[in-house]
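Below is one structure, written out as structure tokens, with a few remarks after it.
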Amino acid sequence: MIRVGIVGATGYGGRELLRLLLAHPGVEVVAVASTSASGEAVGEVLPAFRKLCGLHFETFDADSLAARCDAVFVGVPGGQSMAPVAALRAAGARVLDIGADFRLKDPALWLQYYKKEHTAAGLLPESVYGLVPFYREALRGAQLVAVPGCYPISLIVPLRPLLDAPLGATPIVADSVSGISGAGRTLNEAFHYPEMNENLKAYKLGVHQHVPEIEQELLNRVTVQFTPHVAPLTRGILSTITVRPEREFDPAPYYAAYADEPFVRVLGPGALPEVKHVRASNYCDFGWHHDRRTGNLLIVSAIDNLVGGTAGMALQCLNVMFGLDESEGLRFGGMTP
Amino acid sequence: MIRVGIVGATGYGGRELLRLLLAHPGVEVVAVASTSASGEAVGEVLPAFRKLCGLHFETFDADSLAARCDAVFVGVPGGQSMAPVAALRAAGARVLDIGADFRLKDPALWLQYYKKEHTAAGLLPESVYGLVPFYREALRGAQLVAVPGCYPISLIVPLRPLLDAPLGATPIVADSVSGISGAGRTLNEAFHYPEMNENLKAYKLGVHQHVPEIEQELLNRVTVQFTPHVAPLTRGILSTITVRPEREFDPAPYYAAYADEPFVRVLGPGALPEVKHVRASNYCDFGWHHDRRTGNLLIVSAIDNLVGGTAGMALQCLNVMFGLDESEGLRFGGMTP
Amino acid sequence: MIRVGIVGATGYGGRELLRLLLAHPGVEVVAVASTSASGEAVGEVLPAFRKLCGLHFETFDADSLAARCDAVFVGVPGGQSMAPVAALRAAGARVLDIGADFRLKDPALWLQYYKKEHTAAGLLPESVYGLVPFYREALRGAQLVAVPGCYPISLIVPLRPLLDAPLGATPIVADSVSGISGAGRTLNEAFHYPEMNENLKAYKLGVHQHVPEIEQELLNRVTVQFTPHVAPLTRGILSTITVRPEREFDPAPYYAAYADEPFVRVLGPGALPEVKHVRASNYCDFGWHHDRRTGNLLIVSAIDNLVGGTAGMALQCLNVMFGLDESEGLRFGGMTP
Amino acid sequence: MIRVGIVGATGYGGRELLRLLLAHPGVEVVAVASTSASGEAVGEVLPAFRKLCGLHFETFDADSLAARCDAVFVGVPGGQSMAPVAALRAAGARVLDIGADFRLKDPALWLQYYKKEHTAAGLLPESVYGLVPFYREALRGAQLVAVPGCYPISLIVPLRPLLDAPLGATPIVADSVSGISGAGRTLNEAFHYPEMNENLKAYKLGVHQHVPEIEQELLNRVTVQFTPHVAPLTRGILSTITVRPEREFDPAPYYAAYADEPFVRVLGPGALPEVKHVRASNYCDFGWHHDRRTGNLLIVSAIDNLVGGTAGMALQCLNVMFGLDESEGLRFGGMTP
């Protein structure tokens, strides 16, 4: 049994991780830490876990966690994981950060997009970007994993294999629509139920913090015009990607390696994904369409932002790190309906 | 490995069963039958299961299923399982029917509420009502299990232990609100998205087919005024039960046996359940409130109609029938959000 | 042109009132007051009204409002309208309070349910309960109108005509389900989008502040077991009322007077209302069913909580007060879809 | 009073038109025709209009309608209005078609995108495209108005004034997200509530029938890569438009003429629209952002597809045709919440 701890288990990513880990046959959750809920029973704070999890939330203590856990997940808001991750690493723990703090290799970009000095930049070189299909080998021995962001996963999975294709120099247009859980549980008038139900909007045009992450993992070989949107659903991201290639080409061969990926489903030309087919699952589905009238290649991808976009991907990383079957605890089809 | 088959896997109950069974470590799904999809790959018909299930839908053949399966689930619309269940039983299969046809012990009530002659009434005596907390022993050797209806589960779980309490003679009022998946996948203008989104309604007042099932499993000792409603959500049932007791009494002792039930969570006085805390889980949560002003006892219960109300309960029955750990494949907390 | 002012126009009731009043051909909105938005343009604070309303929010000043307005609407949270209403009345203004402070005639009940001393109890005798079908005459000369609560409207309209029918002594069970706008715009984790979407719950069992209002307007001749619920929609209330009459009786004759009510639609036996048919309209629809098996009478009613349950009813009161056609500005059928 | 008739009043566009027309002080609805509901009372078929509309649906009769009506609205599915419109025109009626059949000036494009011969192509020259800001003069005397499509309105309003700006030759990318009412009331498994709730998808990539309409009304001077999507809400369209201009330019001066348009709200740079601010209103809101990093201009627009995108625009056309105040019956701010 792999013994794991979760720091910040009351947030949406942390809760979903706890839900998956408690059902994972090869994992034992031995500690959950929370600033706001320290001392309280998990089932009192999170009634969804009554009768399933007997733990109490504890105050964060890096040494104690490192001593008791084979791996520690950190799920705190962006900019707040630097300190606990550094402490956990100093105490010798293997860490999987589901936040943003260790994804960007360039601390200058971090400062620019997150408006905050990076206080643990020394750990960035050892951080492995936890997008399993591309970093599987590095993950096996990783001491620090930066679990990717949800929007980036929905874009990098379909785009990275195409980097050697004739994509053209025009910026790629990526319009992504997300469910509201992506905004986290912090109260905000924008996400008060009557304000967001039956609503649609775009936000953070041109300045979203996932832009440099997306481009870094596309090896800085393309420019991406990323526009995020929110729609009235809880979970899911649908990304529509418009590429202006130099000439028409067949994407299928570029995706050949995905045939062996357990959680990437290449739907092929003319087949389009839907959020419902990946809901509550770890899959990333995508398909494409050539528009001969315009000369563009359109790719559409879908993930569940909290599973395939966060907690499921984190769990897949854990499975790789500890040599378990990569699909353990994740063999769920999309929940439809 | 328990080898199972599913007849009618394209309906909502069947899909959810397939989702749970494919992730169950002790079960192998060896056959899926469907009238509408015979010959097609599961992943083509149900894209949520691409890359996870390599089966093709087959035409229903009772002998073949009985030969290959340790147990067969039947998930077809009400009134349509009599025939396949009878055929499967004749072929020697152990059967779990997630439909309604074998729940009522009295074929006259069946005729009255389902408007159809029962063509396999001879099997009713052997049918075990699959509400695990009350029929665990009978389930161990059961050859035919009638998995309970979703509304009945939400009412019988909190009410049956109270039958020896001073409930009074006034009919119990049970107002239940369900998500739309409970209506199944058959197209109906009432459940066309723009007709049902932002809508609320009551339906089938006084004549819902679950009335006799509820009262049968309350041992015909109380009358229940059951009024079902639909609200714009996909999954979940919330039942509000108003009891007019002869005198105030403490329900807690009556629920003592539930302390050992893995999927019943007694929240106690003043604590109320929410659908989100049971979503995508097998739990039934309930709490209560004495209103001293009126003299009434109010009980509120919550389940996920497709898991705790159908597929999860069916899987728990299977675990009991085959001596597996009763929680196997079901150790999920509520999916919040 | 009737000149009106609105105090508290940024809340949900106030916004809806502003929306209706700006479209009313016989009304001119001359002032909007808001504590939080004083000095700002309406269109900046409420972008829905850009290019339609050129006013700026002003600081509340009772004398100024009384001088400029023929009538002033007050739409502030429960317990906060006593002071501004008293000031406006002292300044000579005719006032319509869409809040709760002047609905209960008994200040002791106010204290019990609202947990606060009533500081303007001297105005309670002059306050007219603004349920038009029952207080039309009093409204014509009213100086102070207490616009009814949304849940009470959905219950009093179908029940008050039955007070002389053989209703029986058993408390009436009223299970109401409301959209989330009823909870107002104050941020609350319970109504954060991902917490409430796909959720259902009951709340304030036995203690909801609308209980004494409902019973007062049922002339304290019946006891009502009122249980409110919330469902994931923005607008609408569906109330299911279970009456245990002494004997079966025909409700239709009791409702004869509603034939002339412009906004009450009696659907009759066997016909049930839906929220969609009253959405964004001022109608209250209801129908009923006798359950001969149980002896109960079931009544189901539907309103839009923000129009027929608040702003529309307030506007209808205004029309009556100033001798306009009662339907002016309210001739909208339900918005479906 | 302008006397109007509606052919096809049971569809979603027709219902909304009926709702607006019944409340319009200068219009009298004298006839409603419906193939499916002929002979039935409006209030029976559409309970939302009980007690408000005393008409019965009648069988379509062009001569009778022409004799009784000053104008006739036709709201039938795409490809089915050619015949009734031609009959109404032959009978001398002024017609407003809210369907697609008279929008494209080129019958070859009609055939290509609608897969059907145009049987009334002779009327295309007299048809006026009812986008009021651009065809106001022509509408005054129009005998046949083709009310624009919903997606086209959301794109043409922000883009057409920019045609003389340095837009560049790269196809404009328009990713639009629509509520489900846009798909109409025809039953379809894709829009069965449990299939579409909590879902997102793109559809008709590169082949949507609105493509030629959009480009025609952008005077065939730009190419538009239009990708429509659906999200789980009933009403609203949000369009995100990515333009790759030759060089950065200020859009504001190009929009100067919109200052006088009653229903176009130019939010300016850095200000973004939301569907909720236009819900149930006739407004088209839009704003923009220059992304200096990529060199792109991003424009985001919002409409209510059934009001500003269909029935409201049709009513505004009617007001223009008959010399009424253009805003009559349409002075509604967005319904928030």
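Each chain gets a letter, A, B, C and D, in the order it is written, and its residues are counted from 1.
Keep this in mind: contacts are C-beta pairs under 8 Å (C-beta built on N, C-alpha and C of every residue); 3 or more make two chains touch, one makes a residue touch a chain.
The structure presented is a predicted model; accordingly, all values stated were derived computationally and were not measured.
Peer 1: Return the chain pair with more inter-chain C-beta contacts, choosing between A-C and C-D.
Peer 2: If we tally the C-beta pairs in contact for A-C and C-D, the bigger total goes to C-D.
Peer 1: Measuring centre to centre, with centres taken as mean CA positions, what chain is farthest from subunit C?
Peer 2: Centre of mass proxy via C-alpha means gives A as farthest from subunit C.
Peer 1: Just the number, please: Cα centre separation of subunit C and subunit D in whole Å.
Peer 2: Comparing mean C-alpha positions, subunit D is 34 Å from subunit C.
Peer 1: Report the inter-chain centroid distance for subunit A and subunit D in whole angstrom, where each centroid is the mean of the CA atoms.
Peer 2: Roughly 39 Å separates the two chain centres.
Peer 1: Need the CA-centroid distance for the pair subunit A / subunit C, whole Å please.
Peer 2: 45
Peer 1: Subunit A: which residues touch two or more other chains?
Peer 2: Answer for subunit A, listing residues that touch two or more other chains: 12, 179, 181, 194-195, 197-198, 232-235, 273-274, 276, 279, 336-337.
Peer 1: Please output the residues of subunit A touching subunit B within their complex, sorted ascending.
Peer 2: Against subunit B, the touching part of subunit A is residues 12, 15-16, 18-19, 22-23, 25, 46-53, 181, 198, 234-235, 262, 265, 267, 273-274, 276-281, 283, 285, 306, 331-337.
Peer 1: Under the touch definition given earlier, write down the residues of subunit D that touch subunit B in their complex.
Peer 2: Of all residues in subunit D, those touching subunit B are 12, 179-181, 185, 187-189, 191-198, 232-234.
Peer 1: Which residues of subunit C touch subunit B in their complex?
Peer 2: Within the complex, subunit C touches subunit B at residues 170-171, 173, 175, 177, 179, 194-195, 197-203, 205-206, 223, 225, 227, 229, 231-238, 240, 242, 244, 272-276, 279, 289-296, 298, 300, 302, 336-337.
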